[in-house]
Each structure stands twice: as structure tokens, then as C-alpha cells.
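Pasting a structure here, questions to come.
Chain nomenclature is as follows: A, B and C, assigned in order of appearance, with residue numbering initiated at 1 for each chain independently.
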Amino acid sequence: MTAAIIQAVLLSLTVAALYAAVAAGLTLTVGVTRIINFAHGEFVMLGAFLTYWLYTRFGLSPWLGMLASGVALGLFSMLVYRGFLARVLKQDEHNQLLATLGLSILILNIAIILWSPDPRVMQAPALLPSAQFAGVTIPGNNIVVAIVGLLLFLVMLGIKNHTRYGTQMRFASDDPALAMHAGINVDRIFELSFVIGGAAAGLSGGLVALVLYVQPTVGVDLVIRAFAIIALGGLGNIPGALIGAAILALVEGLISTFVPGGGSWGFGVAFLILLLVLLVRPSGLFGKQVHA
Amino acid sequence: MSAGLLARIGLYAAIAAPLLRIAASDRPFLVQVAIGTAISAILALAWDILSRTGQVSLGHAAFFGIGGYGSALLTPVLGPVLGWTVGILLCGVVALLLGAVTLRLRRLYFTIATLSFSLSIHVVILVTPGLTGGSTGIMPPVIAGGSPPLQLLFITGCLVVAAVVSDVFLGGRFRPAFFMIRNNPDLAAASGVPVTRLKILAFVVSGMVAGLAGACYCGLYGYVIPDDVFTTNWNVLPLAVTILGGMDTTLGPVVGAVVLRLLEEVARHLVGGVGYQVVYGAVIILFIVGMPEGLVGFVRRLIRSRRRQAAEPGQASAKARLAL
Amino acid sequence: MTALSIEQCTVAFGGLRAIDDVTLALPAQAITALIGPNGSGKSTFVNMVSGQIPPRSGRISLGGEAITGLRPDLIVQRGLARTYQVPKVPKELTIEEVISVPLLYAGSGRALPGGARNAGDLARYCGLRPAVTTRCGQLSVSDLRRLEIARALACRPSVLLLDEAMAGLSLEDTEQVIGLVREIHASGVTIVVIEHVMRIIARLCGHAVVLNQGRLLAEGPPQEVLRDAGVREAYLGKGFSL
């Protein structure tokens, strides 16, 4: 029983790292642009497919594959931003919401047509050997996910807190008008945050290919969880996203392991927790609470 | 006032007439399309009523489903009239509770919370098979003995009811107060508006109208599974329909439902399979970029700029000065 | 006779005391000026009195009736209205619709000033020239200011707080608004004016209250208050001249 608990907790934590990777990019973008990008999940899906094709067609190691996915999706995000999202920035929030939903539907269904809805498994050898910990075995790919997910998360944090762009991003999101007066090119900062978010999505897509089925709908559930996570942690708060991811993954993992038939429960309970947290703290656990 | 009332009755007639004409026709496919369109329009009207207070919901599938399940499960016990009434009232109660919980949430948090709520309700249905049939679904009593033309008649009536409700909340008592709440809640409160109460009122009414749409939907074929109603599709649809048609109006969601359905059918015919979903996404994107205020808003703006051009040059320049 | 009394009120954001133990009694039927340098707590004062930010401690009463901790809309119903410095009205609403909101919801039972009976009358009373069916998105800044005063008057207030209602207006517009404030005052409304321009205060107000760093610094007739050494010091370094 103890071993089972430890196993469930450890596996949940690796899942948490994956969630954190997906959510970190999203919360960076949301924190700056105030747009919740529903297509973020499809960006993750595209990253997963790219890593998968690169391995199965060209034998490219998933290590390199996920890097390539990050770069590719970063570029793709730039195209999406310039061609489409920049035009939506000044519109009302519901229009922005619908815009990214439309994008998500479009990409998802093109992928279904092109690649069929069938799930695929990337049968690459594990990138790292599996590890024994307190008597339980953690598969190597889960360790990769945990490590790369955390690294990606730290990179996001580093960009936001320790670079010139990060400072400008925080400035631009706090008060775009003032930032503009201060000579910051707000448009470019918005674009940059979107591109970084997209690159993070592509890279986390590579992680998805390691541990989940590669299929067009893989991003849908992930992005919905990512929304819950970033709301739980406070929109735009990157460390908050890590804790949100851990809470969500643990609740989900433990319930589905130990509650009979709880496979679908966990999902719902996680969202109930989000509702309860927002009831007490309307801006998430670590979000800025605003007066009045 | 009476001219306004006449115009409104004209609007309801204009909405109902084509649907009734289709019901009287002998074209089963068209009847099915009209039924689907009318249900989308009711759900979109529900969403629009809420959005007028600045609450952008992405969780209306919850009310759609609760209304459908509620009416379906209660009708055998209470009879159709009371069953539907209680089922829809149940939506109102749930909306009241959710509205109270999400009241303090700011924009994106509100949207994410409503989305989460709809997912949670889906799970609640799945884990209570004793009460709700779980994933195997339920068999709701069918509307109008399962005759599609009669069903269309009934649903047309429901659509007119939803349109009347929408118009009540576009009247002088609510429209300015709602817009003020959406735009600047502090200013609304400083004008004596009980902001909290009106936001929750909008939520309750919106939830009940969405429940009505769900009740209509579930009563169509006599068999419903949770995935039919508690899906993201019903969360997104009212948003897409309303924004494409034009927000803050009664005509907008109806026009949006018709246009979206037409495009969908054309795409299904031309592309087939899931191809129409691609068109769905593309249409949304094109509309947002090209016609962000929706069809009705776009036409209104055209008419207004026509009028301005038609006005005397002196008056036009005075207006231009005012605009500065 | 006191229209509005504030007893030992404190508003704090975290550690910062934006209003620090302020006790005040505003005389009824007067035009009182509320002055102080930037960040002295004037806006917080208005937000506190109007119920938007309830005080952490202390008591507020309006015409002898306690309004401490009441919701803003209920305070409006008791007869206290305020204007906003930068009025953000929904641009799709018309002048008439904006004024109709308090007419419908803030029924305090008092009569409207100037014998006004509806939104159109109030708009004219406040000197709004555009037709009442004009959308707010098309109004000039000075018309938006007038609309904001009309909206506040539609609350049928006994006490009216004007938050920099004349800031950024042309000389001509300012004169008109001063005339309007006098007229509103003459109709029996107690007025509190938050202003930066001392010239206006000296002409308009019979009573002045000075806030500095959230504390009450001085109170009395404007001429005396402005001569007060502490008040001069508070304004010093801001390039302030009388």
C-alpha cells in the first residue's frame, strides 16, 4: 500500500511537471497580453506530432525533436500573432476568447483531416534509464518529463524575472499605456511573450510525445487543465502555475489510483477545488488581490 | 412606446414565420435543421443576456445539460408541465449558486471558473449512475409524440419566449443598468444600481433560458448521453453564434444561429466528414477580423453612417466636432 | 446643522493608511472644499464616504443616519451622490439612458433640482447641448463632465461630492460649471468640491478642509485655511502658488 502511494505520488509529480510545462508558457502569455489562448493546446499537439514525425520518419532523437518543435512552434506563433491575433488585441475580451477558440477548432480539425484522429505511440527507446526510488520504479521517460518540464518552467521564470524583456513584459502588462510612454514597444513585447509561450508549447509537445498518445485531440484536455492551473496559481504568476500543476496532478492522480472507478473523477474534483479556491481567493492562490 | 411594441411583435413574427413555414412543409431534413438552429438561437440568447452584465461564460453547457436532464428525469414523476418547470427552475437555482460564487471573479477568472463548472457537472453526472444514468445516458420523454414538425412548432414557441425575455432585459429598466455594470460597476453602484443583485438576476435568467434550450434538445429523440449535452461544443456555440450575429441584441443571436448553421450545412455538403468543423473555425476567425461587431452590429453601423452622410453638411461637421 | 459627519475614520491598504483617523463635520447647505496635495487621500476620502472602500474603523453618518459599511448603492439611496473625476460611461449608451439609470434605481424621494422632471430636463439643466439621444461615445470631454454631474443629480442627492469636476476644462466651460454648482447649491444641496485650483475654491466655497498624508491638516474658512503655515508647507515643493 505504501509503495502504491509513493508510486502514485511520484508519477503524479512527473505529470505535474508536464502540466507545469504546458501552463508556464500559457501563463506567461496570459500575464502579459491578458488573452487566454485556447489554441495553446493545439500548439502542444503540433509539437507532439512534430517530435513524433521527426523520430519515426528521420530517426531524430526526441531530445533534438522537442527542441526543434519548440523552435518551429515559436515561429508558427509569430505567424499566428502577426497574421491574426495582433488584429484582435484591441477588441473586447469575448471576441479575443472566440478568436483563439476559432483558431483551436481550425487547427484541431485540420490535424484530424490530415493525420486521422487515431492515437499513435512513439516507440522510441526511453531517453533515460528507469529509476528505483523507495522501492518503486519510475519509467525513464517520466523522469525526462519531470526534468525538462521543470527546466522549461525555470526558463520561463528566468525570462520573466531576470531579463530586460521580462522587466518590459511586467511593465507592459501592468500598465500598457504607461509602458508605451516609457518608450517600450508594447506591441513587440506582446508578440514576444506570445512567441515564447508558443515555443514552450512546442517543447512541452515533445514531452507529451514521450508519455502520452500522440493524437489530434491531445491538446484539448491539456489546455483546459492548464487554464485551471493558471487560475489556481493566479494569472500570470509562474511559480503559482507550478504549485497549481502539483495540486491538480496530485488530486487527479491519487483519486484515479485509489478511488474505484475514479479515472474520470479526478478531473472533476480538480475543477471543484479550483472553484473553491477562487471562492476564497478570487485572483488565485498567488495572484495579486485587488482592492474594490 | 406602442410603435416599439409593434416593432417587437413584428420581430417575433419575422423570427417565427419561416420556422412555421418549414414546419408546414414536407421536408424532414429542413425541419431537423430548423429545430437545431432554433435550439442554438435559444442557447445563444441565454448567453447574450448574461454577457450584457460583462459576465463572459464558457460554461453554458452546464445549464443546457441540467435543463435537459432535469426536465427529462422529472417529467415521468411530475408530468410534463411541472417537470419542465421544475427542471428549468433547477437551472435557476444552480445559476444562483454559481453566480454567487463567481460574483467577485474578474474577467478571465470568471470565464475559466464557468468552464471548470461545466466540466465538474459533467463528472457529477458520470459518477451518479443511480440518479442520472451515468455514462449510459437516459431516455427522456419525447416532445410532441416524436413528430418533428410538431416539435418544431413547440420549439419555435420556446424561441419566441426566449426572445421576449431577451427583449425585457434590453428594455429601459435593464439595458442601461446592465451596460453600466459591464462597463464600469463602480459607476453603476454610484448610480444606485444594486450591482450584485442584477448580476445574479442576469445569471439566473440566463441559466433558465439555457435550461429551456437543453430541455428542448433532450426531448427530441428520446435518448441522451452526457456527452451529447455536457460538451465543450455547447460551451463554445453560444459564444460563436452571438458574436457572429451581434451581441446585445435579440436579433443577433437568431441571425447568428441561422448563418452559422447555413455555413455549416454548405460546408458539410461540399467538404463532408469533419471538414465542416474546419470551416466553422475559419468562419469564426474571418468574422472576428472582418466583422468584429457581428452581422447585426455591422448592418446597424452601415445604416448609421448612411444617415450621417445624408444629414446636412453643417450638422455633420457639428457632429464631427462633438466626436473630438 | 451637520450634513455629513465622519468620526475617527481610517482606511488602510496593507500598511499604508490612506485615511488616518479623520474626524470631520461638514456643515449642511454649504459648499465645502476638500483640498490637499496629490496622494493626500482626497480620492480615497470620496471612495470611503460613498461606500466604495469602507473604512477599517470609524463612523460615517449622513444627516444623522449611520451609513458606515453600507453598500454604495444604498448610500446613494440615502442621499449621497458623487461624481467621478474621469467619468467612464458605456459609449453605446445615450445621454438619456445614462441619466435614466439613477432616476430608476436611486429613488431617494427628493425633488430634482431646477424643477427637472426627466433625463432631458436634467441634461439641459447641466448645460448639455447635444440631443439626449446622442451616444456617449460621441461626447466631448466637457460634455462628459456635464453628463457626470447630471447623472449624480439624478440620484436626487442631499449631499453631492464633486471630484475635480472642472479639471481640464476651458475657462469658459469652467465658468459655466461654477455657475451650475452655485445653482445646485441654491436648490438646497450640500456640496463638497475637490479641487486643485485655489482661485475656484476661494470664489466658490465657504468652508475648506485640508488633507495631508491621510490626516486632517486644517479646517475653516478658505482664506484662513490657505494662510495656515502647515498647509503652505504641505504644498511646498510642488510649485504651488495661490
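Assume a contact is a pair of C-beta atoms (placed from the backbone, for glycine too) under 8 Å apart; a residue touches a chain by one contact, two chains touch by 3 or more.
In this text the structure is predicted, and so the values were computed from the model without any measurement.
With centres computed from Cα atoms alone, the innermost chain of the structure is B. Distances between chain centres, each the mean of the C-alpha atoms, put C farthest from chain A.
Should one ask which of B-C and A-B has more C-beta pairs in contact, the pair is A-B. We define each chain's centre as the mean of its Cα atoms; on that basis chain A and chain C are separated by 48 Å. We define each chain's centre as the mean of its Cα atoms; on that basis chain B and chain C are separated by 41 Å. Averaged C-alpha coordinates put the centre of chain A at 31 Å from the centre of chain B. Chain contacts: chain C has residues 52 touching two or more partner chains. For chain A, residues touching at least two other chains, in rising order: 292. Multi-chain contact residues of chain B (touching two or more other chains): 186. Chain A contributes residues 30, 34, 36, 84, 87-88, 91, 93-95, 97-99, 101-110, 112-113, 220, 224, 227-228, 230-231, 235, 261, 264-265, 267-269, 271-272, 274-275, 278-279, 282-284, 290, 292 to its touches with chain B in the complex.
For chain C in complex with chain B, the residues that touch the partner chain are 50-52, 71-73, 76-77, 81-82, 84, 87-90, 92-93, 97-98, 100-102, 104-107, 130, 134, 138-140, 143, 151-152, 154-155. Remark: chain B residues 172-173, 175-177, 179-180, 182-184, 186-196, 248, 319, 321-324 touch chain C in the complex.
Contacts from chain B toward chain A in the complex involve residues 51, 56, 58, 101-102, 104-109, 111-113, 115-117, 119-120, 122-124, 126-127, 186, 232, 236, 239-240, 243, 247, 273-275, 277-278, 280-285, 288-289, 292.
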